[in-house]
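Provided herewith is a single structure, encoded as structure tokens, for subsequent inquiry.
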Amino acid sequence: MILNQHPSGRHFLQIPGPSPVPDRILRAISLPTIDHRGPEFGVLGLKLLAGLQQVFQTRHPVIIYPASGTGAWEAALVNTLSAGDAVLMFETGHFASLWQKLALRLGLQPEFIGDSGLDASGIPLSWRRGVQADQIEARLRADSAHRIKAVCVVHNETSTGVTSDIAAVRRAIDAAGHPALLMVDTISGLARADYRHDDWGVDVTVSGSQKGLMLPPGISFNAVSPKALEAAKTATLPRAFWAWDEILAMNQTGYWPYTPSTNLLYGLAEALDMLLTQGLPQVFARHQRWAEGVRCAVRAWGLQIQCADAAVYSPVLTGVVLPAGIDADRVRKTIHERFDLSLGTGLGRVRGRMFRIGHLGDCNDLTLLAALAGCEMGLQLSGVPLAGSGVQAAMAHFASHPAAATIPV
Amino acid sequence: MILNQHPSGRHFLQIPGPSPVPDRILRAISLPTIDHRGPEFGVLGLKLLAGLQQVFQTRHPVIIYPASGTGAWEAALVNTLSAGDAVLMFETGHFASLWQKLALRLGLQPEFIGDSGLDASGIPLSWRRGVQADQIEARLRADSAHRIKAVCVVHNETSTGVTSDIAAVRRAIDAAGHPALLMVDTISGLARADYRHDDWGVDVTVSGSQKGLMLPPGISFNAVSPKALEAAKTATLPRAFWAWDEILAMNQTGYWPYTPSTNLLYGLAEALDMLLTQGLPQVFARHQRWAEGVRCAVRAWGLQIQCADAAVYSPVLTGVVLPAGIDADRVRKTIHERFDLSLGTGLGRVRGRMFRIGHLGDCNDLTLLAALAGCEMGLQLSGVPLAGSGVQAAMAHFASHPAAATIPV
Amino acid sequence: MILNQHPSGRHFLQIPGPSPVPDRILRAISLPTIDHRGPEFGVLGLKLLAGLQQVFQTRHPVIIYPASGTGAWEAALVNTLSAGDAVLMFETGHFASLWQKLALRLGLQPEFIGDSGLDASGIPLSWRRGVQADQIEARLRADSAHRIKAVCVVHNETSTGVTSDIAAVRRAIDAAGHPALLMVDTISGLARADYRHDDWGVDVTVSGSQKGLMLPPGISFNAVSPKALEAAKTATLPRAFWAWDEILAMNQTGYWPYTPSTNLLYGLAEALDMLLTQGLPQVFARHQRWAEGVRCAVRAWGLQIQCADAAVYSPVLTGVVLPAGIDADRVRKTIHERFDLSLGTGLGRVRGRMFRIGHLGDCNDLTLLAALAGCEMGLQLSGVPLAGSGVQAAMAHFASHPAAATIPV
Amino acid sequence: MILNQHPSGRHFLQIPGPSPVPDRILRAISLPTIDHRGPEFGVLGLKLLAGLQQVFQTRHPVIIYPASGTGAWEAALVNTLSAGDAVLMFETGHFASLWQKLALRLGLQPEFIGDSGLDASGIPLSWRRGVQADQIEARLRADSAHRIKAVCVVHNETSTGVTSDIAAVRRAIDAAGHPALLMVDTISGLARADYRHDDWGVDVTVSGSQKGLMLPPGISFNAVSPKALEAAKTATLPRAFWAWDEILAMNQTGYWPYTPSTNLLYGLAEALDMLLTQGLPQVFARHQRWAEGVRCAVRAWGLQIQCADAAVYSPVLTGVVLPAGIDADRVRKTIHERFDLSLGTGLGRVRGRMFRIGHLGDCNDLTLLAALAGCEMGLQLSGVPLAGSGVQAAMAHFASHPAAATIPV
């Protein structure tokens, strides 16, 4: 029985996704599965699609896939591009790299830019700052033949804790007078960090369920602009499961061309109800406050926050760089075994150098303090010299910065 | 609140999938989401993969996708084929047609064979019988250049209630001495109808969660033979999300290259435990008995069973053909509104001519009798002349044919 | 693991309580337990107490006990009576007998009246009709010394399927000019059969959670009139746990003097929301319609309905008397083993002579038809000669008597 | 909808009961209610009764009441005593006082002993130490007429955090050669603090579900010695619902004379499985470790632990005495509003002087550290001068005292 795997007490899931799922949502996804062709389903479907538009801040369609987030990346590319198309991608971290790798596999020609240098800690400079819009603008200006068909960037880099300025990317593209589509991955940013599909002129936004939406993994999204829909008409990469056209046609009445992920959609209905009842601005503010509390802790420990630019700190996770010579994964293992706390590992080019603390999903001040306590004890047990108590610093922050009054959700 | 959609009493979900999900599984999928990179997850992953091999009756790998069944069709094709490849498909019904359409979208050249004629009721002959292996053999023999790279058939046609003889298809291919891969969709057959990936020489088996496995929709499967894996090495259709290679590599330790559908996997663990504790032969026998009870009812009503060949009656659903002039969907609507019972609609070429009764998933004698009672009342209310009481016939069958003693699951 | 006890498919729980609990309520009771002294709890408590008043149709207080229904019987007596007090009770069936036995144990002097004779089937006449108000009136008139302190009757006799006319009992007491308190057990009637605590002049109404309120067993109720509260001031039976005074004082702010049954109260909140959203008259009508369908079946079988007076048929259960020589419990055992259907046993003086079909809690037409099918098959397998098909008769009834349109709950 | 009451993130329920309920148990109690007279139920009943004997460490019967803990107190008294009987009770705190009050209401003559003085903080001395066995011995020796029929003590005083030495009380009674029954309330101690019904010669042990057994409130227990059963034969207090005789008779086959609390019993089955799989000694050690961690925090704050005798520190809760002039309930209110943490209030004679931290039920190191962080911030925000950081002290304790390796439950 799978249930037996869980040790005494509640596990602290402080990875940057999947995030802790609220009880309300867990109960909702356990309701009996209904007929995805029946009349109740259409009502549900229309409600979900309308609610998602509010969360993506768009008047344009949002597609829901019964597939995890990686599939939504693939969907964005295969619906809009053709074999051999050049795409400009910016190396913000591991997930940007994975998206580039996926583009390669699909037969596209990704061009991957960023800062190639390393900082004093041996960490790629690109992995500590967000997208540099000026580099994008320069590259697009140089592409006078308009070979580049899309600019693909990650909004909230889950591997680093950096949230790029997407509006600036849009301005860069416009300044260059370039027709490339703008595609943005906000898998871990949506619904916790302010994200504006329409205002920022994004053509395809990619997201998933298991982060800010507080759902288990399993469904993912494409928000699509009219320009992206237009591009889909001539794009020739083969596509069937991911094809927008059939889904959009069926979505008119709240249905899908193939079987949707019914029970996760129940959870989505709950999540939308919770989010929209409270209000997105309130949710965003809540995570900004928590993020600053966590950063207070990291500073007090005398450790480095991976994000080197305060303007682009992520509200949903914080990367903690460990001193050279310390294996961050051994620290994580100690913390997991001793304190039943899961932290995010260092991915790709920062493997072993850092760990990540998630502060998204369903949490509160005490949950985060518990997580910081687990980190602090684990760092000490691992022999990492600390300048002071991060827990104390975070407590001081939370105590002196009360949360705005909120409608309970 | 989504919960409010459910009317008084329990809905009777007798469509041929999604099937009724047992309470044990619904509770399991509502457990807290855990870290898909943590140590507990690997243990779970290995257990699931081993259990699935038993269900597919294979010693070869089974891939789990965090995507619904249509995705697993796409995966089977893009992993093994190249643009322009010819594939031979047999028109057993709507889902065979959809697979063919999907192949077309992916740039393959499906050749779709079957009986083109209509029977006296105006229903395609191909939709009332299973795959005709001799037609496949003949076609393959004619393909001396071996342009055909794969033979794709549906094991249990969810749109008709016909379960084809896959072993015969294998024999046909072998008799023709043809190297084509054999790909089989058993989305609705797996775990309820006997299915033998290895014994029957299937190269790629496609299946899903929401039918015989008694789970909500959202995960799907490819069981792959060594020959299929070999073909994947040279196949050139673009693929990333669906690519077997990375998944198989990660599966060695029980993990996945991208986020799996954690909570549905909890449900899969329960489902495997239930199925394997009871034993597949016992489960298969149970559904054969129920299917015969339902057919007794249809015969008593004086209506036609869509499957015209008793050798290939489906154990998991029964198609009921209505007299000419009766709109089957109006009958279904009456039944749904009056008796809170969902039946499957007639799909594609039989739209409006028939409805489908599911007898898969979590059910029992009384549930089926309730469903038959709903059908009988709805048929009468719709003015369909009935020869007798199907409910009485099914009761007589169930009463006189006790189920074999089983370990309760 | 307790879960493993449940066999394949959903059990049909057609006993007259505990009744089938809706999924909404099962999910609600699985929410995390909260502090019963915290601020949220008081809000919940006040809401529950107000909602219960609507269900009991009273402006006076309703007490909630964290105890099952038998405890609420005891509470009614110990709060209002003193050792040696005479109480007049009417033998409507087994539960009336149990209440009398409980009164004896508490040191009261119950006088138990009713028809002492047997009918042709050997069943006590009292067990086939409701309370005979004229007998009560006669007895009270004879009690000129007013030794009788309370008249205790059962509203809906769960052991027989007879729903007595409580208003008539009130009129009888008044006609006799007798000051006795009127105490009524409507454990199985409340929220499914019309029940009016105030209009009918009831002093103490006793009820429980596991019948019409669609909850699991574990909480129970006393609705108390001002006259009952007055009696409590001088009553001397020892009481502590059951004492109204402390509970009523704490209930002013929504709390209890000792720990309430928090999670069942969550379920009660759901149940009240479901009931009051739909409206009690709609709920009552629903069960009247179902009850008549079940009675149609019994008549078609050629068996006797235990309730011999159509004016007092119970809307929530039907007693079915079997021919002499048939052991009703063997029939029930066959039905349970073969069809996973639970029926109520014959209790007390009708043990082995009859069984009971519950039609309360969360059900619908098809559930009841399934239950009737199970009965019909089981009766036939047990060699009980049947005049015709009860299932067909009930189908005819349900098909020709559509339910009134209702707000789905 | 009750669900909407829960604010963002998981509430921290650190009151000394109801304790946090594990997800496994919450899921179990949400399973469909079954027939309490059916064959599956008897199997469950026998399993529960056997499991409880292990938890109470007794070979004698354990009674399960479908009622909360206060009812089990009443049951212990009414089954064994007669009106006017003298009982000796020891004032260990609020719950001892409530039991005394309950005895008074039932017509018994409780004699309430203890230290009448106050300590320097104005707190009753009796509320800071456990039962003083020598006082009991002296009183019993003086009772040469054996008017005292029972000695009633509280094992783990939930209002103070003191766990009395029950074996010493037994020795005192024996030393006095007195025949009084020994009755012990271990509502909050059972299953977390070592408790030995047989070895300690207890006659009636009273307990409940919502503390160490990790269940919601609603069921409670009496473990009864042969001597207690003998006493029940001549005891004359009126009793019906609480009467042992009928329950014990029915329990022989796993059933109850009236409706048991089915869904809470599902939870009990899970709880027993969890406890007995891990082993009681492991569970006891776990809570001793946590308790010491919490006490380290209180000492670091420079506040007083209410329990003044280290030999009887409670493993399941710690009372924290605040400096004179501080309203402890205002501190609690601040903590609740700011940090969504529930603490226990000061009850009865210590109202406003202290609060209580629960460390029972389903918890772990980080949960407790979170609770301590909430306390520390709330104390500071309330202007309570602290000598140092309790969180740091507890972290130091937990980090330097690893838990013994345990089978995960």
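Letters A, B, C and D name the chains as they come in the text, with residue numbers starting at 1 for each one.
Just so we're on the same page, a contact is a pair of C-beta atoms (placed from the backbone, for glycine too) under 8 Å apart; a residue touches a chain by one contact, two chains touch by 3 or more.
Predicted model, so just to flag it, every value in this text is computed and none were measured.
Peer 1: Would you mind telling me which chain pair, A-D or A-C, is linked by more contacting C-beta pairs?
Peer 2: Contact tally favours A-D.
Peer 1: Suppose chain centres are the mean of their C-alpha atoms. Which chain sits farthest from subunit B?
Peer 2: Farthest from subunit B by mean C-alpha position: D.
Peer 1: Using mean C-alpha positions as chain centres, tell me how far subunit A is from subunit C in Å, no decimals.
Peer 2: 54
Peer 1: When the C-alpha atoms of subunit C and subunit D are each averaged to a single point, how far apart are the two points in Å?
Peer 2: Distance between chain centres, rounded to whole Å: 35 Å.
Peer 1: Just the number, please: Cα centre separation of subunit A and subunit D in whole Å.
Peer 2: Whole-Å distance between the two chain centres: 46.
Peer 1: Listing for subunit B: what residues touch at least two other chains?
Peer 2: Touching at least two other chains: 1, 3, 5-6, 10, 20, 23, 27, 30-32.
Peer 1: Across the complex, what residues on subunit B touch subunit A?
Peer 2: Listed in rising order, the residues are 1-3, 5-6, 10-11, 13, 15, 17-21, 26-40, 43-44, 65-71, 73-74, 78, 83, 101-102, 105-107, 208, 210, 216-219, 237-241, 243, 257-264, 266, 269-270, 273, 336, 342, 345.
Peer 1: Note which residues of subunit A are touching subunit C in the complex, please.
Peer 2: 1, 23, 27, 30-32
Peer 1: For subunit C, which residues are in contact with subunit B within the complex?
Peer 2: 3-10, 12, 20, 22-24, 27, 278, 286, 338-341, 362-367, 369-371, 373-374, 376-377, 380-381, 389, 391-392, 395, 398-399, 402, 406, 408-409
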